[in-house]
Structure formats: structure tokens, C-alpha cells
Amino acid sequence: MGIPVKLPAFEGPLDLLLHLIESNKIDIYDIPIVTITDQYMEYIQAMEKKDLNIMSEFLVMAATLLEIKAKMLLPAEVNEEGEEIDPRADLVERLLEYKLYKFMAAQLKARRNQAGQSFYREADIPKEVASYIEPVDMEKLIGDLTLAKLDAVFRDVLRRSVDKIDPVRSGFGEIEMEEVSLEDRISYVEETLKKEPRTSFRKLLEGKKRRGKMQVIVTFLAVLELMKTGKLTVKQEETFGEIYIEWEKTPAGEGNDKAVPAAGAGETEEQGA
Amino acid sequence: MEEKRTEAAIRAAVEAILFAAGGSVEAARLASALELDPGEMEDILRRMELRYEEEDRGIRLVELENSWQLCTKTEHYEELIRVVKQPRKYILTEVLLETLSIVAYKQPVTKLEIEKIRGVKSDHAVNKLVEYGLIEEVGRLDAPGRPILFGTTEDFLRSFGISSVEELPKASPEQIEDFKEEAEEELGQKGAGQKEMGQAPEKDSDEA
Amino acid sequence: MEEKRTEAAIRAAVEAILFAAGGSVEAARLASALELDPGEMEDILRRMELRYEEEDRGIRLVELENSWQLCTKTEHYEELIRVVKQPRKYILTEVLLETLSIVAYKQPVTKLEIEKIRGVKSDHAVNKLVEYGLIEEVGRLDAPGRPILFGTTEDFLRSFGISSVEELPKASPEQIEDFKEEAEEELGQKGAGQKEMGQAPEKDSDEA
């Protein structure tokens, strides 16, 4: 059989083989392997070799065909039951499976045409529903907040507020250079997180009498540094919200701990707090 | 297309068309699509309108200037809300709690005052608290720009079982003075009292 | 909310919800919104399904893997397209259909398995099907490289009018046997189907 001048394109080697089998009117269970292999080779030789990726797939099949052809010449192998093994068996299975899916694809196509006659709807939520805002459940919101707790929070706020103001006032005329070392802050943050693996940035600053700007900045840098090395993760749920810090327990962290002695200068005394 | 359709089949077709169309469809357009004369179409639509009012229908047929449309019955909005709206979760974060305590104890208070105490911008916290119905505008300060004065809501007070702001323990000016003194003392001692001071505030940080 | 709702009222609510939602809504979600237990909800949905089949309804209730949705009956397609524009459908080439059918019948399946069956690289086809929303990643195979497992999407069910993947005939060994017989019969007719077979693959050569 000659190859047509205008070569049809095939999806792949299996597709081509099925085509050859069908156009030769061959029984798929008894493929004349010599004829089919020759035709297959003829076809791929005529193929445009523009796409190596596609070509290689056709070539793999060519090798398989040649292998089968060779095995056909040898005495047949037998299986445990003493039956002769047809070297073509695997190929036949593959071809049948492939054909099965082609057949199913055709069925799907028909179903799609049918299903395409059903129309769906875009969501159309009435304005009143879309703009509905759930009322606040005050009880749930308040939760276990008590007046006593609120009072404590307020006192704490005031205290910190005073703390913030005073150093400035008292600092008039004698502006102190605040020495904050990044290294110390890193070890402070590490120590704190080891004791309390989940905390907030705010909490890291607590216990510090003088929350100078430099203190805040350097602590923040320390957090960034530790984040970069993967020792902690940082989460902020909303803009201006609480910054939550979580210690990542990595074995790598331990080696580093030794590098930074726990009992450092200045800030480290807070570890006791 | 069929020889003689039943009215039921026509009604079904109208339903299908209006369902898929989403918006409204002119009666004339329906009539021509279904090969009916306008009068007949109109009669059928009127009859359909009534049928949709039956108890087991969740949609209704409405006419809008010679156009017809299907829409959800308002009776079912409540159930619809439960399906489409995610229940909101509100939490009083530390920031909110802090801001709330300032409003509670210093009310009426302006946002500027809150910010002065907290040392940071507080628009977000104030807005959230208003949204949650914990605080509200209680007036305006007689000052340039007439800034809003915030106070706690009645709902807020009720939830603590108190009837008026008066019942809140006020942080008096003297108290604030106390704090200042305390702070100055500590500064003098430079870190002596640190341990005690360090403990107190930390306790609340996990309340968020 | 109500003391005792009639089933008609529940049916109405379901209709309202599904009409407004447009897309599919999980049965469990409906049940919780309507404060029904799942079994009861299911029963009602099944009864509704039947009621929608009545002659004067143009829409039907369809199930898509435990979710429910309203859509127009195919019977009204002719009348429908005279008024409503057909949503644009992407073209599914033979290659895509073939790949899709492998995913549909063998899911969850890796790209490698698809390629083994098809005998060709299938990145392009798989990517396109993912892009069209017909298949999606459904997990990872517990094997070296943790390859992606693909499965079909709800949109696949919708596009092909299938309620559940279970509904698809599984490609079982018996079925393959059946198919072999069919193939043998075909051989008996010698080349009857040849023309179609020869043409089909040519169309999508660009997909390979």
C-alpha cells in the first residue's frame, strides 16, 4: 500500500497504527506485523521532521514494532501454563484500550451536544440580600470580656502612654543616645519565643520600660531577620492589626542559639519577666 | 414548530426563556419566538403570573412595562441570606480592646485624644468599634474642625450589666497623675522595679 | 424561624435559593439554611426533581455530585435560542475529548498514565482542559515526584449533562471485552467505519 501524497496527521503512533490496521482491513488480534511495520516505517519516513518531540514518539513505536517483528521470527516463548506468548499481545492490548477511549470520547461528544441545549443562569442575588449586613451579636462579641478586664486594659494603656511621654519630657536638654544592638534584640526575640512560641509583636515590646523608637525599630528588624532565616513566621490579619509571631521549631535554630549567648547586655534582662 | 402545543408547553417554554434570559424580555419578543399572537401571549403570561403565586414556587413572574421577568420572591430572602452570606466573625483584637477601653473610660473622647494616648493612628480601630456597635458618635467637640466625640453605646453598657457610663470606674486625673509619678519613680530607679512592671501588662496581650 | 413549615414552603425556598444562586448549591448547605436534616432535605429535593418534570415547567432540577442546580429543559432549546444567546462554547478537539475521556473514566489519574494510554505527550491537552475548567488537580500521587492527580470538575458534569462521575460507565475489563467484540463486528463489516476514522484525527493535528 502506498502512502498518500498528502499525509494525514495523526495524534500519535497508536492513532497511526489504528489507521493502518483499519485501512488494511486487518484483524486486530492477528496483525501481520511485517506489513504493518513496513507501512509504519514508510509513513514516518515521509513525515515532516519538523517537530522532534512528536517524531520521537513515533520512533519509540517503530522500535517496538521492530522488536515484535524480531520476536516473531524466534521460537515462541511460553508462559507458566505452557501457552505460547504472542509478542504482539501487549501492543494489541494498548491498541484496544486506546480505541476504547476514542470510542468513549465520541460518546462524550454526543452527550456534550445534548447537554449544550440546557441553559444555566448567572447568579442574580437580589439587592436586599446582597447588601444585607448581619447584625452584631453583642454577647458573642463581648465574649468573656469583663469590666475588670477592660479596666485592666485601660490601666495598661495609660501606663504605657505615660511611659511614652515621660522619657521625652525628662529627656529634654539631655538627649540620650539609646544603644540598641540588633544582635541583642535577636537573641531576646529568640529567647522569648522559645518560652512562648506564639506571641505578638506588641508583646515582644512589653516589659520594656522605655519603648523608645529605636527599641521598636530594632526589635522589628530582629523579627525580620529571624523571619528571613525561617525561624519564625509572621502573620497580620488586617492593616494596623496585631502582628502575630510564631516560632518555627527547626533543628537549624539550635545551632544558632549557641552562637548568641543568652546572657547578653542590656535588653536580655527582660528574659526573666 | 409543533402543530398544536398545549398551553402547558407554552408556559414551560416561557419559563425556560425567562430563566435563561436573566433580565426582562419584551412580551412581543416572547410572542414572536413562540409564534403566538400578542393577545394570546399576554393572556398566557397573566395566567402564569397567578400560578407563580402558588405556595410552592420560590420565584415570581413580574411585568415591567410590557417586559416580563422572573425574580426571587422576597419572602425567601431570609433563607437566601443564610445560603449566600458567610456569617461574619468578629473578634475584639488587642488593638480594639485597647481603643474600646479608652473610649469607655474617657468618654466623650475624640479620635485625636485616643491617638494621643495610644501613640498610633486609630482610624481603623475606631471604625471597627463603630461598625460593631460598641461605640458611637455622641456629639461634636466645640473646637476647630468640630471633631466627633465618641462614647460607648447602650448595647455595650447593657452587655456588662450596667446602665450608665457613670457606673464605669473612672480614671480620674489624679489617677493619671499617679501613673506619671509611678513612671518617674521608676525612671529614677532605672530598672529596679522592672520585674513587677514587666509582668502586669503582659497578661492581657493574649486576650486578643 | 417558622413554627412548622409546609413542604410546599420548603420547596419554594429551595427554588428561590437555586434561582438566585445561579450556580450549584450543596445539598448540605441547603439543609442547614433551611434547618432540615440532610435526609429530609434529600427527600424533598428528589420529590422536587420529579415535580419539575411536569409538562408546564421549563426548568429542571439537576444534581451534580451532591449539589443541586436549576437549568432549562433541553426540549426548549429551539425556542430559547430565538431569544437568548447561546453561551460561547469552546471547541473540544478530538485530542481534548480523548484526553478528557481518559481523565473521566480513570480518575484520579496522572499525566503520565494519560500519556501511556495515548502514546503521546499530553501536556498541551491536559493544560487546555484545566484552562477550560473541565479537569482539575484533585490531589497528588504518593509516588516519587508526587505527580498531580487529575479529576473532572463540576463544570465537566454540567457541560456533559452528567449528574455524577458514577454515572459514567467505568472502563472495566468487561467493558473492554465488550468493546473488543464490537471491534470484531466492525471488522466483519470490513472498513465500513473507515471514512470517519481516517478523518477524525486530522482536524486537531495542531494539538499534538
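Observations, loosely collected:
All chains are identified by letter, namely A, B and C, in their written order; residue positions are counted from 1 within each chain.
We adopt the following convention: contacts are C-beta pairs under 8 Å (C-beta built on N, C-alpha and C of every residue); 3 or more make two chains touch, one makes a residue touch a chain.
Keep in mind that this is a model prediction, so the values were computed, not measured.
Averaging Cα atoms per chain gives one point for each, and the point farthest from that of chain A is the centre of B.
Overall, the chain located most centrally, as judged by its C-alpha mean against the mean of all protein C-alpha atoms, is A. Inter-chain centre distance (chain A to chain B, centres taken as mean C-alpha positions): 34 Å. We define each chain's centre as the mean of its Cα atoms; on that basis chain A and chain C are separated by 27 Å. Here the CA centre of chain B is 38 Å from the CA centre of chain C.
Residue positions 16, 19-20, 72, 80, 84 of chain B are each in touch with at least two other chains.
Shared interface positions of chain A, i.e. residues touching 2 or more other chains, are given as 119-122, 124-126, 129.
Of all the residues in chain C, the ones that touch chain A in their complex are 19-23, 60, 62, 69-74, 77, 80, 84, 86-87, 89, 92, 94-95, 97-98, 100-102, 104-105, 117-121, 158-162, 171, 175-176, 179-180, 182-184, 187, 190-191, 193-194, 197-198, 201-202, 204-205, 207-208.
Taken in their complex, chain B has these residues touching chain C: 1, 6-9, 11-17, 19-21, 25, 29-30, 32-34, 51, 54-59, 70, 72-73, 75-76, 78-80, 82-84. Across the complex, chain A meets chain C through its residues 8-15, 18-19, 22-23, 25, 27-28, 51, 53-54, 57, 61, 94, 96-109, 111-112, 114-126, 129. Residues of chain A that touch chain B in their complex: 119-122, 124-126, 128-130, 132, 134, 136-143, 145-147, 149-167, 170, 199-200, 202-203, 206-207, 209, 238-242, 269-270, 272-273.
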